[in-house]
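In the two assemblies presented below, chain A is common to both, partnered first by chain B and then by chain C.
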Partner chain A sequence: MSDTYQAPDSLNRLQTAALGIGGIGVLASLAGMFLQPEQALRGWLLGFIFWAGIGFGGLGILLLQYVTGGAWGVVIRRVAEACSRTIPVLFVLFLPIIFGIYTLYDWANLALAGTDKAIEWRGWYMEPTWWIVRAILYFVILYLMAHFLNKWSLQQDKADTPEKAGELLGMATKVSGPGIVLYVMLVTFLSVDWMMTLEPHWFSTIWGFLFVAGWALSCFCFSVAVLAHLSTRSPLNEVIGKRHFHDIGKLMLALVMVWAYFNFSQYLIIWSGNLTEETPFYLVRSKGTWGAIGLTLIFFHFAFPFLILLMQDFKRRAKWLAALAIFILFMRLLDMFYIIGPSPMVGEVSKHLLEVPFRVSIWDVVAPIGIGGVWFWWFVRELKRRPIVPFNDPMFQNAIKHGKGH
Partner chain B sequence: MKPPRIRLMKDNIYGLMAEFDSSTELVEAAEKVRDAGYTKTDAFSPFPIHEMDEALGIKRSILSYLVFGGGITGLLLGLGLQYYTHVIDYPIIVGGRPHFSLPAFVPPAYELTILLASFTAVLGMLFLNGLPRPYHPVFNVPRFNLASREKFFLLIESADPQFDYPETREFMESLEAQEVFIVDE
Partner chain C sequence: MQDVNDIVRKINPPMVEGDHDYGSVTDKISDITLKKRTPFGWFIGFGISFMVAQLLLFTTLYLVTNGVGIWANNQPVGWAFPIINFVWWIGIGHAGTLISAILLLLNQKWRTSINRFAEAMTLFAVACAGLFPILHTGRPWLAYWLLPYPNTMGMWPQFRSPLMWDVFAVSTYATVSLLFWYVGLIPDIATLRDRAKNKWFKYAYGLLSWGWRGSARHWHRYEIAYLLLAGLSTPLVLSVHSIVSLDFSVAQLPGWHATIFPPYFVAGAIFAGFAMVLILTIPLRVWYNMKDLITDTHLIYMGKVMLATGLIVCYGYAMEAFFAWYSAAEYEVFMMYNRMFEGPYWWSYWLLILCNGISIQFLWFKRFRESPFWLFIISIVVSIGMWLERFVIIITSLQRDFLPSSWGMYSPTIFDWTMYIGTIGFFFALIFLFVRMLPVISIFEVRTLLPEAEVKRKGEEH
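== the complex of A and B ==
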C-alpha cells in the first residue's frame, strides 16, 4: 500500500484542459460584459452561483461529516476539503458581480433613485454599499471556517501519535456542530442577497434551505464524479469500495428528496396563500417555456433520480452513480437558470410583469463553462496538494474495512 | 454379522446443527455448506455478520419490492381518495380553488405513501421471516441459547433435498465444528 496517497497523474491532463477551456470562457464572458453587459452578467451570475454551490457545499459536507462521522465522510473528506479551499478563487470570480451590481440587480437602481417604497423601507440593508460589505463578510467567515478545518486536517496527517490525531479530530468535530448552524445562517443570508433580491418585491422564508440542500447535493454529485474517476486508479483503488459509493448514493437520494421537499413547501404555501405579492414568482415561471423548464425540474431533478437511486445495485456501481451525478449537476444548473432567467431585468421590477418571454443568451452557456474551467483547475490544484485520504484519521482503517464489506 | 445400522428417518429430526467458536470459522463452514449444494440452511450468531448472506448463498429478500409496491399503493390510494371525495362524491368550492387541486392533494398522498410503505416494510418483514412463531425446533438444542452470547451455529434442515442423515452428519463433522447436534422436531 502506498504511504503517501498522492493524487494520480491522470488529473494533470484534466487540469490543463480545464484551465484552457476556463480561460477562454472567462475571457469571452468578460468581453461579453462590454458587448451585452446585462445578458453577460446574468450568465456570469448563473455560472458563479452554480460553481460556488459546489465550493460552499464542500464546506457544508465537511462540517456534516465531522458531526455525523462514518466511513463515507473519511473517503469524501479530502475532496470536500479541496472544494472548500476554492473559496478564495470564488471571491475573485465574484468581483464582476460586485462591479456590475447596477446592471445585474434592479433593486440597486431603485435604492439609488429612492422611488420604490418597499426597498426604501428596508433602509440601509438594501443599499449597494452594505450589500457589498455583507458579501465580503460572507466570504471572510466562510473562508475562516474552511481554513481552520483544513488546517487541523493537515496537522492530523503530520501527527506522530494516534492520541494527537484523535485530539485534532475531536477538535474539528466540536467546532463543526455550531459551525453547521453558522453555515446555514450564512447561506441563508447570502442566497437572499445574491439570488432572492433579483425579485426584490418577492420573498420566501425557505429560500436559504433550498440553497443549503441544493448545494450539498451539488457537492455530493461533484464528489461522486471525482471519486469514481479516482477509484479506478492508485492510490484510491486500495481505499474506496462499493459500500462507500452505496452510502454516498443514499445521501444523494436523501438530498434529492430534501430539495424537492423544500421546493414543494415553498410552492404549496404560495399556491394556497394565493397572495398577489407572492404569486408572480410562480405565475411567470409556469407559463410557456419557463413552465416547461419547471416540469423538467420536477421530473428530472426529482422523480427520475429519485426512482433510479431507490435501486441498491445502482448505488453500488461507481460508474453508474457518477453518470447520474453528472446528470443531476446539469439539472442543478437548470434549476439556477429557472431562478435567474425569468427574474426581472433592469427597469422591469416596477412593471410587475406577470408574463416574461423566454430568454436565454450565449453567455448563459459560455460563463458557466468558463467559470467551471477556472474553478475546476483550482480545485485540482488544491486536491493534488494533499494526500487524497486522511490516512492518519483514527477511523481510517475502519473506513477501508467498511468499504470492502457488503 | 454386522450390527444393523440405526438410521434416523428424515421425519424424526428437524435438522443438524454445528457449533463454532468464532465468526470466521462459521463463515468458512457456511461457504463449504453452500458449495456442497445445501440450500435449506441457516446461521446463528450473537451479532450480524455481513459476509453471511454471500457465504450461505442467501438470495436478496423481495422485501424492497414489496415496500415499493406498498408505497405506490399508498400514493394511488391517497390521490384516489381525495379525487373521489373532492371531485365526485361531495364537490364544494374551497377558497375559490378548482375541485381537482393537485398541489393540495400532494401532502396527504405523500403521507399515505409513507404510511403504507412502512406498514409493508414491518409486516412484510415479519411475514417473510415467518414471525410471530411461538415454537421453533432449534431451541431443542440446549446449547443453542449461547447463540445470543458467544457461540456460532450453523443449521442444515432435514427438509433439504440433499439431506441424508449419516452422510450429512459426517460432512458437518468434517467442518471442524466443536460439536454437531441433532435438532429434534
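== the complex of A and C ==
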C-alpha cells in the first residue's frame, strides 16, 4: 500500500483536456457578451450557478460530514475539500455577472429609475451597489470557512501523534455545527440575490432550502463520478469499498426525494393559493416548451433516478452509480435553466408577462461547458495537491473496514 | 500517549454501559414488569395523571351535551384550541417514528434503547391528537362521514381539502405506527411469556406473542417485516406533518400561506417530539435505575437532534419574517407587523422566540447538553414553545381578518383549557400503564449492542 495516497496520473489528461475546452468556451462566451450581451450573460449565469452549486455544495458536504461523522464522510472528504477550494475561481467567474448586472437583472434598471413599487419598498436591499457588496461578502465568508477546514485537514495529515490528529478532527467538528447554520443562511440569501431577483416581484419562502438541497445533490453526484473514476486506480482502490458507494447512493436517493419534496411543496402551495403575486412564476413555466421541461424534470430529475436508486445492487456498483450521477447532473443544469430561461429579460418585468416564448441560445450551451472546463481544471489541480484520503484521521481505519463489509 | 482506539471510542462511545451480558440485560428490563413490586411512586404518578385525565372525560361529556359553543372558537377565529392541540400532539408523535424508522435505516445504534419507548409515546400522542378534530365536528358519533364510503345521503368528502388529506394521513400514520410498535414487541413479549410466573400473565403475554418461538425462520421473517415497516414509516414522518402544514398553507391567509411550511412543520414536529422523549426518559432512567442502558450519550444525542431541528424551526421564523418584508405585499407586511409588534398578541410571538429560539442556544454548549437537569428544563420550555408556535400561527393570522370590520379577538374558555390539560393527563396515564405492563426497552435489540454480539473470526479476541 502506498503511504502517500497520491492522486493517480490518469487525472492529468483530464485536466489538460478540461483546460483546453474550458478556455475556448470561456473565451467564446466572453466574446459573446459583446455580440449578444443579454443572451450570453444569461448563459453565463446558467453555467456559473450550476458549477458554483458543486463548489459551494462541496463546502456544505464538508460541514455535513464533520457534523454527522460516518465512513462515507472520510472517503468523500478530499473530493469535497477540493470542490470547496474552487471558491476563488468561482469568484473570478462571477465577475462578468457583476459587470453585467444591468443587462442580466431587470430590477437593477427599475431600481435606478425608481418606478417599481415593490423594488422601492425594499430600499437599499435592491440597490445594485449593495447587491455587489453582499455578493462579495458571501464569497469572503464562504471562502474563510473553506479555508480553515482545509487548513486543519492538511495539518491532520502532518500530525505525528493520533492525539494531535484527533484534536484537529475535534476542532473541525466543533466549528462545523455553527458553520452549517452560517452556510445555510448564506446560500439562502445568495440564492435570493442571484436567482430569485430574476423575477423581482415573485417570492417563495422555501427558495433557500431548494438551493441548499439541490447543491448538496449536485456535489454528491459530482463526487460519485470522481470517486468512481479513482476507485479503479491505485491508491483509492485499496481504500474505497462497495459499501461506501452504497452509503453515498442512499444519500443521493434521499436528496433526490428532498428536491422533489421541496419543489412539490412550493408548487402545490402556490397553485392552491392562486395569488397574483405568486402564480405567474408557474403560469409561465407550465406553458409550451417550458411546460415540457417542467414535466421532464418531474420524470427525470425525480421519478427515474428515484426508482433506479431504490435498487440496492445499483448503488453498490461504482460505475453504474456514476453514470446515473452524471445523468442527474444534466438534470440539475436543466433545473437551473428552468428557472433562468423563462425569467423576464430587460424591459420585461414591468410587462407582467403570463406567457414567454421558448428561448434558448448557443450561449446556454457554450457557457456551461466553458465555465465547467475551467472550474474542473482548477478542481483537479486542487485535488492533486493533497493525498486522496485523510489517512491520518482517527476514523480512517474504521472507515475502510466499513467499506469492505457488506 | 493515547491510542487511536481511545480516540475512536471517545467519538463513538459504547451505547450500553456497565458490565452487562445477555442475561443481565434481559433480567434488568423484564424485571420491571414481572418481578418488581409496583413502586409507590408509580401509584402516585398514575393516580395524578388519571385524575387529570378525568378533566378530559368531563369536558367531552359537557361538550357532547352542549355543543362546541362551550369553547371560545368564534368568527373570525374559527380554528383555535382544537387545532392548536391537534397539531401539537401530532407533532410530539413524530419523534417516535423518526427514531424507530429513519434512525434504523441510517444504522444509528443509539436508537435501540429509546425506540420502544418513543414509539409508545407516538401512539399515545396520536390518540390524543385524534380526539380534537373528531370532537370539533360537534357530533363525534358521525365522524365516519369523513371517510369516502358509498351512502344513500349522496355525501362524498371534499378531496381538495387538506383536512380530508389529514384524515387519511393520520389514520395511516396511526396504523403503521401501531404495527411497527407491535411487531417490534413480539420477541420481547415472548420473553416475558417465558419468564412470567403468574398464570394469567403467562396467558396474556402468550396470546400477544402469537406463538413466537425464536426460530431462525421466525427471525428471518421478523427482520424482513421490520425493515419493510421502517421503509413504510419513513415517508410518513415527512408526509403527516407536511399535510398538517398544508391545512394552513393552501389557504390564502397571510401568515398561513408560505411555501416553507411543509419542511418547517416537519422539523418542528421532530423538535417537539424529541423534547417530549427527553421529558419522559430523564426521570424514567433515574426511577428505574437504567442509566447503564439509557446512557448520558443518548441524552446528548437527543439534545443535538433537538438543537438541529430547533434551528430549522428558527430558520422558518426568519424566512417568514424576511419574505413578509421582501414580498412588499401589503397584507403580508401587515400580518407580520401585527404579529410581532402591533397586534394584541405580540407577546405570544416574543415568548415563542424566547422558548424555541433562545432556549435551545444553550444546547451549543457541552455543559448544558451533558446535564440531564438542563436538558429536562430546556425540553419543557421547548414543549411550551411549540404549543405557542401553533397559537401564534393560528390565532394571530385569523384574528385580523382582511376587512377591519371583521377583526376580532380570542380568549379561551375554561373548557378549552380543561380539554387540553385533560389530554395531557390521559397521555401520561397511558405512559404509566405502558411502563408497568410492557418492556420499556427493546430487550433483544439492546442485546445486539453488547460486545458478545459481535461476530468474531476464530482467534480474534473480544
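In this text, the second predicted complex is superposed on the first by the 406 of 406 C-alpha atoms of A that agree within 3 Å, B and C clash if a C-alpha of one lies under 4 Å from a C-alpha of the other, contacts with A are read in each partner's own complex, and residues count from 1 in each chain.
The working rule: a residue touches a chain if its C-beta (ideal position, glycine included) is under 8 Å from a C-beta of that chain, and two chains touch if they have at least 3 such contacts.
Note that this is a predicted model, so its numbers are computed, not measured.
Aligning the shared chain A places chain B and chain C in steric conflict. In the superposed model, A:156 lies in contact with neither chain B nor chain C. Once chain A of one complex is fitted onto chain A of the other, the partner contacts of A:29 are absent, as it touches neither chain B nor chain C. Looking at the shared chain after the overlay, A:176 reaches neither chain B nor chain C.
When the two complexes are overlaid on their common chain A, residue A:268 makes contact with chain B and with chain C alike.
Of the two partners chain B and chain C, more residues of chain A are touched by C. In the superposition on chain A, contact of A:118 is made with chain C only, not with chain B. Between chain B and chain C, the overlap after aligning on chain A sits in one stretch of 6-14, 114-122 or 168-176, namely 114-122. Shared contact residues of chain A with chain B and chain C: 268, 272, 274.
Across the interface of their complex, chain C is touched by residues 69, 117-118, 121-122, 125, 161-163, 165-166, 169, 177-178, 181, 184-185, 188, 192, 201, 203-209, 250, 261-262, 265-266, 268-270, 272-275, 277, 394-395, 397-398 of chain A.
Touching chain A in their complex are the following residues of chain B: 50-51, 53-54, 64, 68, 95-96, 103-104, 106-107.
Chain contact summary for the complex, chain A toward chain B: residues 264, 267-268, 271-272, 274, 310, 312, 405-406. Here chain C touches chain A in the complex through residues 1-4, 7-8, 10-12, 105, 238, 242, 246, 249-252, 257-263, 311, 315-316, 319-320, 323, 325-329, 364, going by the rule given at the top.
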